[in-house]
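The next block holds one structure in the form of structure tokens; read it before the comments.
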Amino acid sequence: MIELSNELLHTSIRKRPDESHKGTFGRVVLIGGNETYGGAIIMSAEAAVNAGAGLVTVITAEKNHAPLHARIPEVMVIDWTRPQEVRSVLKDADVLLIGPGLGLGAHSRSLLQQVIESQQANQWLVIDGSAITLFAQHHYELAFPSQVVFTPHQMEWQRLSGLTIPEQTQQNNQRLQKKWGTNLVLKSHRTTIFTANKQFINPLGNPAMATGGMGDTLAGMITAFLAQFEEKEAALCAAVYLHSLIGDALGKERYVVLPTEISQKIPYYMKQFEQ
Amino acid sequence: MIELSNELLHTSIRKRPDESHKGTFGRVVLIGGNETYGGAIIMSAEAAVNAGAGLVTVITAEKNHAPLHARIPEVMVIDWTRPQEVRSVLKDADVLLIGPGLGLGAHSRSLLQQVIESQQANQWLVIDGSAITLFAQHHYELAFPSQVVFTPHQMEWQRLSGLTIPEQTQQNNQRLQKKWGTNLVLKSHRTTIFTANKQFINPLGNPAMATGGMGDTLAGMITAFLAQFEEKEAALCAAVYLHSLIGDALGKERYVVLPTEISQKIPYYMKQFEQ
Amino acid sequence: MIELSNELLHTSIRKRPDESHKGTFGRVVLIGGNETYGGAIIMSAEAAVNAGAGLVTVITAEKNHAPLHARIPEVMVIDWTRPQEVRSVLKDADVLLIGPGLGLGAHSRSLLQQVIESQQANQWLVIDGSAITLFAQHHYELAFPSQVVFTPHQMEWQRLSGLTIPEQTQQNNQRLQKKWGTNLVLKSHRTTIFTANKQFINPLGNPAMATGGMGDTLAGMITAFLAQFEEKEAALCAAVYLHSLIGDALGKERYVVLPTEISQKIPYYMKQFEQ
Amino acid sequence: MIELSNELLHTSIRKRPDESHKGTFGRVVLIGGNETYGGAIIMSAEAAVNAGAGLVTVITAEKNHAPLHARIPEVMVIDWTRPQEVRSVLKDADVLLIGPGLGLGAHSRSLLQQVIESQQANQWLVIDGSAITLFAQHHYELAFPSQVVFTPHQMEWQRLSGLTIPEQTQQNNQRLQKKWGTNLVLKSHRTTIFTANKQFINPLGNPAMATGGMGDTLAGMITAFLAQFEEKEAALCAAVYLHSLIGDALGKERYVVLPTEISQKIPYYMKQFEQ
């Protein structure tokens, strides 16, 4: 396993070209946030905007629009019950994230199916949270997409892989990665990343980060990094590593680190590592 | 009476174990916030999240969901008129708080009854604000729960105990504590705590804290501490003491201390005392 | 005319008594905020809470509840179309403010009438903004209340007094003050205050404060000061003076000073002057 | 081409007169924000208030009112489906901005038409975002207003002018400026400004500013500057230049600069340059 390090951030986070515009840094679409878990997609959106995605659109239950705009007017919102608008936004995306606060209802499942089935050759998908559980429940009906990142924690990985936590060994994980052709971010005390040819381990992170919403923030960061940086493997690893790096810095002074605090720090940390 | 002190914080606030996840730090459910008093449950939720509860769900009137998420997307929300979802969330809780901004209506009363009747052997209850008044009104119908903390101010304690304020002596209070088997936080200029075998007095607190919402914040802190720390008596005392310690620090520079400012400081103060 | 000065703040802003609770610092009710001007009553509420009112309830259009709670959960809210709840809250108030963002509609007028007609011997009223215009329009039907403060700017004072701006001389103003038995805060470049026996002039204030909402913030401060401090004339003068003192401090670094920024500073400035 | 410079800020940003009130600094009306793009008009409003407009009213879809007030209670709001209120507000404006988040629907188009047709001799218009695209689509039906600023980015300018991006030369742009009698702010890596007799180039700006909402913030600043400062050409140039100056300052520490962060800094920067 390759241990993630600061080096990686320097190689991933490129100095922005002078002649650029918001479209240069990607159109990102985030899908999630039902009637109960709206906060999750809000946190993903805050992370994505602060991590530099050029244009961020959120597809979510209508009741989440007002709090989302109260926190972060930089995003656009689509009511997830409007099929025509959803379709149009999905088509124009560079990277899609589905899952934070999505829930397990029938409508959520059909959105997941639509995202997977409408994926275009140039689009990357990030599948997180409830979308992983939904995917696991409908294994036989949903084909594994290509250009995809799954970001399960251990229980979600058990549901998807069928491996109990003790069985989640490096070998077993890598075998499923190969079989399914997916990139995996396996979140735990020491998060591991499995890509086509490599395995990475994140040496950072701390228990002050063990609080609701931390994964939603990470998912938003991953999405924004995939949208901006050419080298997708490096981008993925950099997002995971930077999320923990900031969490460790904040954790030195705080007993618990709020996910939204991490998002606020992202632009400053990215600046330090740009090259 | 034992005087609370910094010592107590050191023994209560444990360094978090490296291998942990959000579930390690407790599932907390907060119930309150009617059409008028929605701010109260928002303040409790902010306190609970900042005091380190791993997962926080708020059961409240639907109109409070948007402002709650605008302030603190880290929480999950349940519309309190949906019995099935309420039931499911109550079942999974480690610690439940009922009362901040709950009001005295029929629906509020039935939620209180449901919380008490569905309490499980492993669950702790915190009963605050309107829920104390409701409990007092329905004394004969509601059995005193075990593993419970009541947090009345003097008038609420009069309603519950039948003791007028001059009658609220240490002896009388302790007698009722024993009779009912409840833990009591009697809030006043110098808050006292009565548990099964001990009596504590809080030497801290100041009049800049005498503002609406301060009790809601305390209730959220107590709930989060009970969810995280093994020693319940010490956890309860630590929450009361820390709340005042922060209030005293802020009160040195402010004529009035807002409850939401206390919440923002909790993570920093807990860090200083962790051991 | 007596020039307001720092001295006044020292004599008005009393050190809070150790044995006190939120009720000690007054129950304040703020009425205003229609469908268009909801921001006004939000700003008054932020000022009142930060200026130390013990309990703040806002009676306003339902659409303003969510943004109000998103900014300041410390307040309670009543939908202004619910007569029974409105009546109950008015009855328990120590000081009432009516006017910020109230508008000139029939419902607003009937609320003003209700506030004036239901005034109790112990209650103080502050009449601001649209409520002044409404009062002027219905002069013959509404009796001047006692224990009242009117806070007009020059055009509002013209409507109420019938005096054109050039006619608004010290003598004419004082004459109407005497005739009507009201306290007047005449807002302008150099605000003047007329009470039963005295006239005051505010030497502070600056053009960076000439922005929408500044008067709503002042009205909230006046209300909170009347609720807390025994000497009403001094309290009124202190609120006017402190509002400008903070505005001048902020205006040294800002081309425009936002009303909400003033509110955030109030607790710190009150602390400096408490005695 | 004249290069914009600090000098310009000193000559534009006038020290405010001591005897002034909120009306002195202009009544500004902002129109935009449909069901999806509500954040855009929120960002324009934040910019306009912070840039010193005396009174700011926003005409927008009703669903945007709550998040707008949660962020910036200093503004007033009108539901854009209420023709009578819209008409009344348009009539009283000094400067109108239409476009941020307006969308391309039939209702948006009719609002644009109304704004243009009801323009009064003393009013300035700023036409931005979707309103430029709408104007381009209905070229033959809508006469070019006078006292107008168009603020297109390159693609919007192509739609309006018919010039492809390579054809957008200084000569061609100036020719259309003269033909139509409009002021143009052509946004790009190095924004250019075309007025009746002069051409300006902005030497500032950086790729950290290439994020959604940056143009909405600029439009709000331009609107506020036109409302406050007599010399309209200089005001326009100053707004463009200051927007980038702040963006450059923030971009030194941040990999991405959020539009709302720029707004928060405006009062401090204007103060430094006032003369």
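To keep things simple, chains are lettered A, B, C and D as they appear, and every chain counts its residues starting from 1.
Basically, a contact is a pair of C-beta atoms (placed from the backbone, for glycine too) under 8 Å apart; a residue touches a chain by one contact, two chains touch by 3 or more.
Remember, predicted model here, so these are calculated numbers, not experimental data.
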Fraction-based call for subunit D against subunit C, same above half, different below: different
Winner on C-beta contact pairs when A-C is weighed against A-D: A-D
Candidate from B-D, B-C or A-C with the same interface as A-B, over half of contact pairs in common: B-C
Averaged-CA centre spacing for the pair subunit C and subunit A, given as whole angstrom: 49
Computed distance of Cα centres, subunit D from subunit A, in Å: 34
Residue list for subunit B, restricted to those that touch at least two other chains: 66-68, 70
Subunit A-facing residues of subunit D, complex: 35-40, 42-43, 46, 63-64, 66-68, 70-71, 153, 188-189, 206-208, 210-214, 253-260
Subunit D-touching residues of subunit A, taken from the complex the two chains share: 13, 16-22, 24-25, 49-56, 65-70, 72-79, 85, 266-268, 270-271, 274
Residue numbers on subunit B that touch subunit D, as the complex places them: 66-67, 70
